[in-house]
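We just call them A, B, C and D in the order they show up, numbering each chain from 1.
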Amino acid sequence: MKREIPILLTVLCGLAITWSFFSQSDVSKAVNAELLAWAVVFFSVAFLLGIGNLIRISLKQISSGHRDRPYKIVLLVVLLGYLGIGIAEIHGWLAPLATGTDPTGQVIMSENVRRDWIYYRIFQPLQATMFSLLAFYIASAAFRAFRARSFEAVLLLMAGAIVMLGQVPLGDTLTFDMASRWQDFLMKYINAAGQRAIIMGAAFGTLATGLRIVLGLERSYLSE
Amino acid sequence: MLDVAGASEVLNGLYEQLNPWVDTSKLPTLGCIIAYAVVMFWAQSRAKRGVEIPIRRIPGLDALDEAIGRSTEMGRPVLYVPGIDEIKEIQTLYSMMILRHVARKTAEYGTELIVPVKDSVVMAFAEEAVKQGCQDAGQPDAFIPDNVRYLSNEQFAYCAGVAGIMNREKPAANIMLGMFFAESLILAETGFASGAIQVAGTAKQHQLPFFVAACDYTIIGEEYFAVTAYLTRDPNLLGTIRAADVIKIVVIASVIVGAALATIYVDAGPGPNWSTIFNRLFG
Amino acid sequence: MTFLAQQALAERPFFDILAVPPDVDVVGAWLIALFTLCVFSFLYKDNPFYKFAEHVFVGAGTAFFTLQYYEEGVLEPVIDHIHRASGLIDSGGLLMLGGHGIDPTLGIVFRCIAAALALMLLVRLFKADSWAPRWPLAIMVGVYAALKMTGETQAKLVLPVKGMLTPITNPDAAAWSSDWARVEDTGVFFTIAALVVIVGTICALSHFIFTYKRTPLLGGVSRVGVVVLMITFGSMFGFTVLGRIALLIERVDSLGTLSGNGYQMMGTGTGTLSVMTSPPVLTAVLITLVLVLRKITGKDAGDTAST
Amino acid sequence: MANVTDFDRRWIFLAMGVLVVGLYTTGAKSPAPQLEYVQAYYDVIEALPDDSIVMLSADFDPASAAELLPMYQATIHHLLRKNIRVVNVATWPAAPPYTRNEFNQITPQYGKLYGTDWVELGFLPGDDVAMAQMGASLHSAFSTDSRENKPLAELPLMGELGDSLQGIDLLITLSAGYPGILEWLAQVGGRYNMTILTGTTAVQTSDLYAFYPSQLAGFIGGATGATRYLELVSEQTEAMVHARDVNQNRIMIQEWAHMLILALIVVGNVLYFAGRGK
């Protein structure tokens, strides 16, 4: 029973959703909508479980005198502090603040100001900068690793170069306005063909896994 | 011989009949799913009964053995990076199957195998795979627990950790198979700079360019699943690949026929013709 | 410090909870500069500044996402929904569900079941290998699998094929043009382009046919397919470069707006003093100093190089 | 240099940094190239009649805001100038601060009222499921709006729209990855046969050619596409002129950075093969 009921649930829900995709009936649409709402709730709660893990691991590292102990303390302080402020805002323990007036002169109250203050001054610059590092890595990889050693690599680098030139005015000037036209041809026709093949390939993967799950043959997700 | 008018009559009649139950614009999708399912199960049952489903050799696959052989000659370790996603990602799961094969080879050659992981659950799977591989090779004591290493749960920290291994322990072969994200670029570059022979493979298309440009052999897109099927001979996987092949052939045929018909009837006026009828079959 | 603060206050609020980009308050400007440069310091090598920034990032990110999922994924679909439904009971209205009104009481019952199942997920916190979390998990997996199977088969398999069932000739276009700039508009070009797409797609697909014997034909076609795929990857490569560099430029731009505009500690305009005391420059100088000192005193041995 | 790979990569980091910062200080500008698919994106919005309803989904976060935020702002200006009503949603948890901020700053410039001219439904978790649910039933997807926490029925625009997407004339997604345009195409585009426009990061751009124009009416790809769109929008919208200039300055930096990358690839390969020749 421990495994049968979950598999039964999977199959029933899977078939219901599939049915509503093809069916015209109102009932199927209603069932579909409700099931999706359920999935949203489960999805979110499952995400919230993750934070428990993070806190547990960090606490363990702090207590065990891990080498990164001070950083883990920083992590927890930021995490819990931000959480506290946010929860207080969500539940209105911290009063909403006026952020302005709309055209009719009515005052606009916002319950998000404190969260957004932190977001724009800490989370936003950090995440944006983390990913901007890749500009440097791509430059050094261009010099140290991207080698035209094989027929494939040659093609790839040349196509890449044409796109890099074709996307910017300077590249066009340097190539007497040819780069953008070559790029258009590569992207609109050859790339489009390659992309279709790749995307169809991905679709086959989804289709295979989906079928096995909906028909109750795939059970690996129940193991852990 | 059915004429155009008759054919479109039949089609319209059919759609009329089905409309109350099925959204007829989605019939092609339904047909595609059913066709795929039928072929898949048929092929799987045949594979289970031991009927040989051939899989073409993939260059990257031979490269695996070559890479392992080379590190054996140089007496340096093999580095296996199973991607950075969790075990629920199908590519990570397959990467574990391939890892088992690699572990068997390294155990046979008596070469050291280092497996850095980013996720604690994947770590358990990786240890199991390596252990299995060593047993397959009849060398259970070739398994070195410390060589399956949990580095960090943070993408770039993990990346720096792997780069550190590449620079310090100078593996002669880097095998990168699984689900990769932005770090693929950094790994491929560091590995190339360290002079190792590199074999990479992923179905994550956006990372493939970097692998192709910086690695010796790259297993691209669906080839990744074919490799897994080739190594594991898993009937389910074989079935899905055969089914995909069949649908691909159908797609190719439809594109040729459809485009030809469309060209023939390019300036045909309104009203049904073979081209419009054929197109309706696709919703 | 008070003096410095006043200097800044002359043009910018020192702390303003309502200030949003591009006009953040002075405290915000210094925070943004600090965290941005801490991350950039990783390019030199892994160091305490980066480690600090990284852990703050994980903490802040996790907290922010948690709040979002809690508010929009738990409170709204459960509490707010039930509240709204009970309101409908009083007003005697129907609860709209997929364009189909149902009795609100029923809606409440359904959503309570969902809440109960969601609670079963939490059991995992206390008992790792419990059967309870599997029920909601199973429902979620079923829903996702079905959605992706149906939707993606249609959008990524059937419709792209349908999109290719088009003529390869264009009667409306002039057959050929002597004007080189207008070649793309000619009928000949149209036909060539259309053939490239069709042949290219067929070849690329054939490359991914694995379980049939490699006849010379299939082998040759798949060889062409490799060419198509490599050009495809090449175009991705070019666009990836475009994207990554854009991210860097934006960071430089945002630091640039903080060097001046009333964020500097002393002076105004583009005077040396004002630039030197602006958040990005001063922070950069300080971080560099500390890293140099660590190198001299050999304290940075523990940091792993970024290469 | 004996072997190019012994070279300390940090010199290249430095070169890239110096190039970008140096060019930034010059403030010079370059126009974006003519891009057919951006024109298509612009034309589709231009062709919409007054009072059409557009669903604008913000599917990005700070990591990709550099590319997508300019498109997002320009699209809002474009829609509001055309007197199109906007339903604004998000499928990425980190997007709502942007949607709040931009709409609060831009809507007053056009005298648009909350509830009648635009609504903010906010973030919906669940990735593919979220999109499918918006398609299936707006009122059960969002019990309340995220600005005034009112039931949707109490907002005139949502009351008129009803429960389904039938009333939506166009879906626009600013997409940074998963979930994004590919999922919208699968869960809403094909299923409800809806016209879709998208602005994406450069990394995703090449994928979109597989769907354009049959499934995708138009798109904006990466920083160059964004700048081109800003050029088009700013012709009509004074408020976007500054943003256009900023982005044209970025294009100028961008083009030289491309040259640096190309030069690095060429030099690296020359040195490599020369070294192997010996």
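In the analysis below, a contact is a pair of C-beta atoms (placed from the backbone, for glycine too) under 8 Å apart; a residue touches a chain by one contact, two chains touch by 3 or more.
Predicted model, so just to flag it, every value in this text is computed and none were measured.
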Chain of greatest Cα-centre distance to subunit C: B
Chain pair whose interface holds the most contacting C-beta pairs: A-C
Rounded Å distance between subunit A and subunit B, as computed from the means of their C-alpha atoms: 21
Subunit B-subunit D separation of Cα centroids, rounded to whole Å: 30
Geometric centre distance via CA averages, subunit C-subunit A, whole Å: 6
Separation of mean Cα positions, subunit D and subunit C [Å, integer]: 11
Multi-partner residues of subunit D (at least 2 other chains): 5, 9, 13, 16-17, 63-66, 94, 96, 101, 124-126, 129, 132, 136-137, 140, 182, 191, 203, 206-207, 210, 222, 224, 254, 257-258, 261
Interface hub residues of subunit A, defined as touching at least two other chains: 21-22, 29, 32-34, 36-37, 39-40, 43-44, 47, 99, 115-116, 119-120, 123-125, 127-128, 130-136, 138, 140, 144-147, 152, 156-157, 160-161, 164, 167, 184, 187-188, 191-192, 195-196, 198-202, 204, 207, 209, 211, 221
Sequence positions of subunit B contacting 2 or more other chains: 26, 29, 32-33, 156, 192-193, 205-206, 209-210, 212-213, 221-222, 244, 247-248, 251
Complex interface listing, subunit D residues touching subunit A: 4-5, 7, 9, 12-13, 15-17, 30-34, 36, 61-66, 94, 96-97, 100-101, 104, 107-108, 111-114, 124-127, 129-130, 132-133, 136-137, 140-141, 147, 182, 191, 206-207, 209-210, 212, 222, 224, 251, 254-262, 264-265, 267-269, 272
Residues of subunit C that touch subunit A when the two form their complex: 17-21, 24, 27-28, 31-32, 35-36, 39-40, 42-43, 51-67, 69-75, 77-78, 81, 97-100, 102, 110-111, 114-115, 117-118, 121-122, 124-125, 131, 134-153, 156-157, 160, 164, 184, 193, 196-201, 203-205, 207-208, 225-235, 237-242, 244-245, 247-248, 250-251, 254
Residues of subunit A defined as touching subunit B within the complex: 21-24, 130-131, 133-134, 137-138, 140-141, 144-147, 149, 152-153, 156-157, 160, 198, 200-202, 204-205, 207-209, 211-212, 215, 217, 220-221, 224
Touching residues (chain side subunit A, partner subunit D) in the complex: 20-21, 29, 32-34, 36-37, 39-40, 43-44, 47, 99-100, 102-104, 108, 110, 112, 115-116, 119-120, 123-125, 127-128, 130-132, 135-136, 138-140, 142-148, 157, 161, 164-172, 180, 184, 187-188, 191-192, 195-196, 199
Contacting residues of subunit B [partner subunit A, same complex]: 19-23, 26, 29-30, 32-33, 36-37, 40, 87-88, 90, 93, 121, 156, 182, 185-186, 188-189, 192-193, 203, 205, 209-210, 212-214, 216, 218, 221-222, 225, 236, 240, 243-244, 247-248, 251
